[in-house]
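Next come two complexes built around subunit A: one with subunit B, the other with subunit C.
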Partner chain A sequence: MIGEGEPRRWAQPELWAKALPSVALQSLFFLAPLIMTVLLTFQETRSFMLQWAWSLKVWTEIFSKPHYWTVLWHTLWMSALCVALCILIALPVAYALATRLQSLSGHVKVLITFAFLTDMTLKTFGWVLFLDQKGAANFLLEKIGFPPAMIGFLYTDWATLLGMVYNLLAFTIFTIYLSIANIDRSLILAAYDAGAGKWRAFWEVTLPLCRPGIWTGAVLVFLLSVGVFLEPKVLGGGKSPMSAELIRQTFETRVNWPLGAALTIVLMVVAVFVILLFSRVYSLRRYGAAA
Partner chain B sequence: MGPGSRRSAAGRDDSLKSMGQDAILDIVDVKKQYGATQALKGVSLRVGRGEFVALVGPSGCGKTTLLKQVAGFESPDSGRIAIEGQDMAGVPASERPTSMVFQKLALFPHMTVAQNIGFPMKLRGRAADEIARTVREMADLMHLKPEYLERFPRQLSGGEQQRVALARSMISAPKLLLLDEPLSALDAKLKKILQAELKRLHRSLGVTFVHVTHDLEEAMMLADRICVMRNGEALQVGKPNDIYYRPADEFVAGFIGETNLLDVEVTEVLPDRVRYRGTDIADVDGILSRALVAEDVRPGPAKLMVRPELLALAKDGERYPSAIAAEITETFGKGGAIQFRAVTPGGQPLVVEVPGTSHWPARLGDKVRLGWMKRDIYLLQARA
Partner chain C sequence: MSRAGQERLINAILYGSVAAVLIFFYIPIFTLIAFSFQEGRYLILPFQGLSLHWYGELFRNSSAATALWNSTLIAFVAMIFSTILGTAAAIVAVRYRFRGKLAFLGLSGAPLAFPQLLMGIVLLLWFSVLGRWLGFNNGLVTAIIGHVVYITPFAMIIVAVQVFNFDASLEDAARDCGARPWEVYRYVTIPLLWPGIFSAAIFSFLLSWGNFYLTYSLAGATRTLPTFVFSGIATGSSPLYPAMATVVFIPGIVLVMVADALRRRAARRLA
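Up next, the complex of A and B:
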């Protein structure tokens, strides 16, 4: 079984030599920019000019103004909702594709991939046309007898959430689909044989076994949704900006690079912290029974 | 083989009635089609309460398909499956009094051994302490060490996983245990141990076993009755010895162990005996009693079947009721036995197996006479 062989000996020099290209690339394109960003947060901007002066001005501003934390909290909250909705929608879709609709799943996967590869900006503006007061949705609803302008949630957080879920749903569908499709069919039959009905078999066997897929999808969607700026601007009307939009404004409009860098670092640290927290809970639940 | 012979083969399945048992499982003319392939072409089988029945046949013969219909994972296109007289049509797998041991065992990887074994009881809403107690009893019955109960299936060896799978299948006290080649992935030594275990379980629990296997030796060792299948048909159902010494046709004869099929000519079929002659065969009178002849034998070409271990190397001056001359072409020492390949002057190949001795009774190139007793042979209709 994987992982039960001899532990890799990292002390072996040739192993380091083999890892060198990868380590070099990682350092050059990931670690170096990150370090530069961190260094940037300790500088100052005076009259739109970056001053190479070591100071904590930016950090004192961040920790003294609650606005930044409100935006961050809003971002985390929206991302959490987005993750929850993506999983709740993707689970039945992925389950159906992997089981009942197996014969159709090839076509459906191609369709999802096409939708997924279509430019996000286009799709997001498409939703504006659809959700607008005089948009397609309201037009159709009025035609079949509903009162005019029934759908009025464009330029609210709900529209933002809709756009986020729409743009990120494919990640959870694919990861969950893969993990369900990989479940040995005889395990499900064994559950039926033991006396489980369809729901019970899903709850006791399919769901626990596709948890890695749910988890991977959740992490992907969470990391992508904390970085979302298109949807809150286009569909949310920019009324309650999320962190990524705030960072963009700080860099471009306010031309305050140190502050923007600091906001970036805060967002990153918080996102990584949330992921670590959940992975801890996940691994506890996974091995809790064994301990 | 023609339809007539098939009917006669099915007609042999009277052993159940003679055993005086009532049927716990009654399969009547079950058909199943997958796309263009007819996986089951009308199979009928009755299994008595407490019996151990083995379904054997080459891969693709429909034995596993038949088991799936009984377990309720699939439903037959036509025909009837009844358990204890109750028609199982429309009864889902979860509500049938059957339990399956899967080929790949299908142990739940996310549950401990104890959770795996207790799963059927948990589904029935039993109390946790009752489940824990029964799980320990089942583990004990299956000779599973108590410390294994808290491990995960992947941490156990293949043989131990088998025991877990069996324990999980037995814990709900099924009326019918269905085994889908669960021993096929094990090495020979472990297989022997678990075969003995299965036999012991069957005797001590009194549960009816239906065991699918392609391993004939396993079927002969374990089963009370064997059902030989090929191409979606049950060719013959009977006690292991009957199938071994009185096969329904050439296929069954060749499938169940090594055998010799000598070309002969049936000249006359009488109510109590059959007259035959064979080119290389020296027979005192050329007559076989009806009991040694398959029902469907007609005058014309036929096959004389004699098992390798029932052929004897005739010493000088030793007389046998029937004998054939041959030249040894190959010798194999098998430890407990010695096997010879030989060929008759007419070119028919033969296999002979004699008990092993420290000195070999014949060598390569020896011209020998092979004799047999009349009661040890069986005459089959030659395949068209």
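Up next, the complex of A and C:
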């Protein structure tokens, strides 16, 4: 088969030469910093200076102040909404890209890629100009004779959510597109032959087969969305902070590294826990359906 | 509903969703382009007049020029490192089977799904501790390292697709004809992987060029375009930014189109 090498072992120098650089990079600048962050949470801070003294002070503070947990809860809700919207919007788009549009598909992909890769701060600022009370949206609405609708939308959680979906949507479009493009057409044709309508074929053949793409996209968007702070600050007006903003403030304004490190770890652990929980429920349900 | 009616409805939904998403993606981009041609000091509609005034201001603004230079420098260096590391990792990921491969994949792919701000903070802590020991400050180099850590997995995935479509027997043939290992790489492997490597390079450049979160945490006092813009819009909007955005869009769309043209040519050659 194409692309299948014979089994190799670590002993081979060729393999070492190619694997070592990225292993070294990620161990030194991803894994090691992560471990150090965990260790930092057990230190203390006195008059803005880090003290290497082992204690549980930071953890007792986190578990005794409900404020951190309300912010975290708010963040998880926003991220869950963002994931749901990204999937719902990406599904028909990815399906159309994979099955319709023929020659246009390439151009649409270029346009989406460009929009995805363009400077995030500038795009987010573009939304401010569009949604502002004296911005483009209201101007255009008035031009065609509608009353201005964008009053009080900017600087709310909804505006934050819009920005999050905007900046992360491309991830779900790409992952779902890839899984639909890899579906064997003959399976769908077989469903038609068996008398299934378009909806039914989509529901019973296409959708289950593109589950891996949906799942990958959802996990990716969820993990990335729990860490946003640009959108809440620029579009949400900084009024209802999300976890990332709280963490940034802890580092920058309060200069409390152990606390900031602990909040970072809590956010990551909770996010991974949510994903594990969902994948567990998901596989249980599938198992139940099969039985 | 009749079969044909159903078909028409489905097509309407599918084409409609693509059109809607494209409009959605381009709303802020076109808004910025439109605002870049306005004359007045305040970014509100209706415009006071149309002019290229702010483009002139932009080119006279030295901190904007420095930010642009820093962004380009960081992106260029990060592109070279991430593309090389990503290519090597992609070859390992697709072509080799070995014990500990899952751990290798997990480690090389993990930064992809790690929130950038948190990665930035974790690295910032690391560099601060290291910096205190070894006596360095955060700046260009730390920002580049952060970008390479984040972007290498992207490059790996893009090249891996190319490696996957690559016929390994071509390498064996070269070896059978007596080529040395480096000759096989130089004349067979790299040329065949080139389209993938090139798109990975372009993708890496743009990801680094537009990166906000990592630069924000790791660049110290050095400003790049995204952090320059952020520091401006956090304090109040300046009429300079739309013009700046429009200037930044041009190389971006050109590079994405070049990458796509190369990908198509490679796909045609494979077919």
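Here is the rule we go by: the second predicted complex is superposed on the first by the 253 of 291 C-alpha atoms of A that agree within 3 Å, B and C clash if a C-alpha of one lies under 4 Å from a C-alpha of the other, contacts with A are read in each partner's own complex, and residues count from 1 in each chain.
In this text, a contact is a pair of C-beta atoms (placed from the backbone, for glycine too) under 8 Å apart; a residue touches a chain by one contact, two chains touch by 3 or more.
For clarity, every value in this text was computed on a predicted model and none was experimentally measured.
Chemist: Look at A:K18 in the shared chain and tell me whether it touches subunit B only, subunit C only, both, or neither; answer first, second, both or neither.
Modeler: It touches subunit C, and subunit B stays clear.
Chemist: With the two structures laid over each other on chain A, which partner does A:D184 touch: subunit B (first), subunit C (second), both, or neither?
Modeler: The answer is first: A:D184 touches subunit B but not subunit C.
Chemist: Name the contact category of A:G237: first (subunit B only), second (subunit C only), both, or neither.
Modeler: neither
Chemist: Quick check for you: in the superposed arrangement, does A:L209 touch first (subunit B), second (subunit C), both or neither?
Modeler: So A:L209 only meets subunit B here.
Chemist: Residues of subunit A touched by subunit B versus by subunit C: which partner has the larger set?
Modeler: Touched residues of subunit A are more numerous for C.
Chemist: Regarding the shared-chain residue A:Q26, is it in contact with subunit B (first), subunit C (second), both, or neither?
Modeler: In the superposition, A:Q26 contacts subunit C only.
Chemist: Does subunit B (first) or subunit C (second) touch A:G197, or do both, or does neither?
Modeler: Both partners, subunit B and subunit C.
Chemist: Which subunit A residues come up in both lists, the one for subunit B and the one for subunit C?
Modeler: 197
Chemist: Could you pull out which subunit A residues touch subunit C in their complex?
Modeler: 2-10, 14-15, 17-19, 21-23, 25-27, 29-34, 36-37, 40, 89, 92-93, 95-97, 99-101, 106, 108-115, 117-130, 132, 134-136, 138-139, 166, 169, 173, 197-199, 219-220, 223-224, 226-230, 233-234, 244, 247-248, 251, 257, 260-261, 264, 267-268
Chemist: For subunit B, which residues count as touching subunit A in their complex?
Modeler: 71-73, 92-95, 98-100, 102-104, 106-112, 115, 119-120, 123-124, 150-152, 154, 168, 172
Chemist: Within the complex, which stretch of subunit A touches subunit B?
Modeler: 1, 184, 186-187, 189-197, 200, 204-205, 208-209, 289-290
Chemist: Which residues, counting only subunit C, touch subunit A once they are in their complex?
Modeler: Interface residues on the subunit C side: 3, 6-7, 10-11, 13-15, 17-18, 21-22, 24-29, 31-32, 34-35, 43-46, 84-86, 88-89, 91-92, 94-100, 104, 107-108, 110-119, 121-126, 129, 145-146, 148-149, 152, 156, 163-168, 181, 203, 206-207, 209-210, 212-213, 225-227, 229-230, 233-234, 237, 241-242, 244-245, 248-249, 252-253, 256-257, 260, 264.
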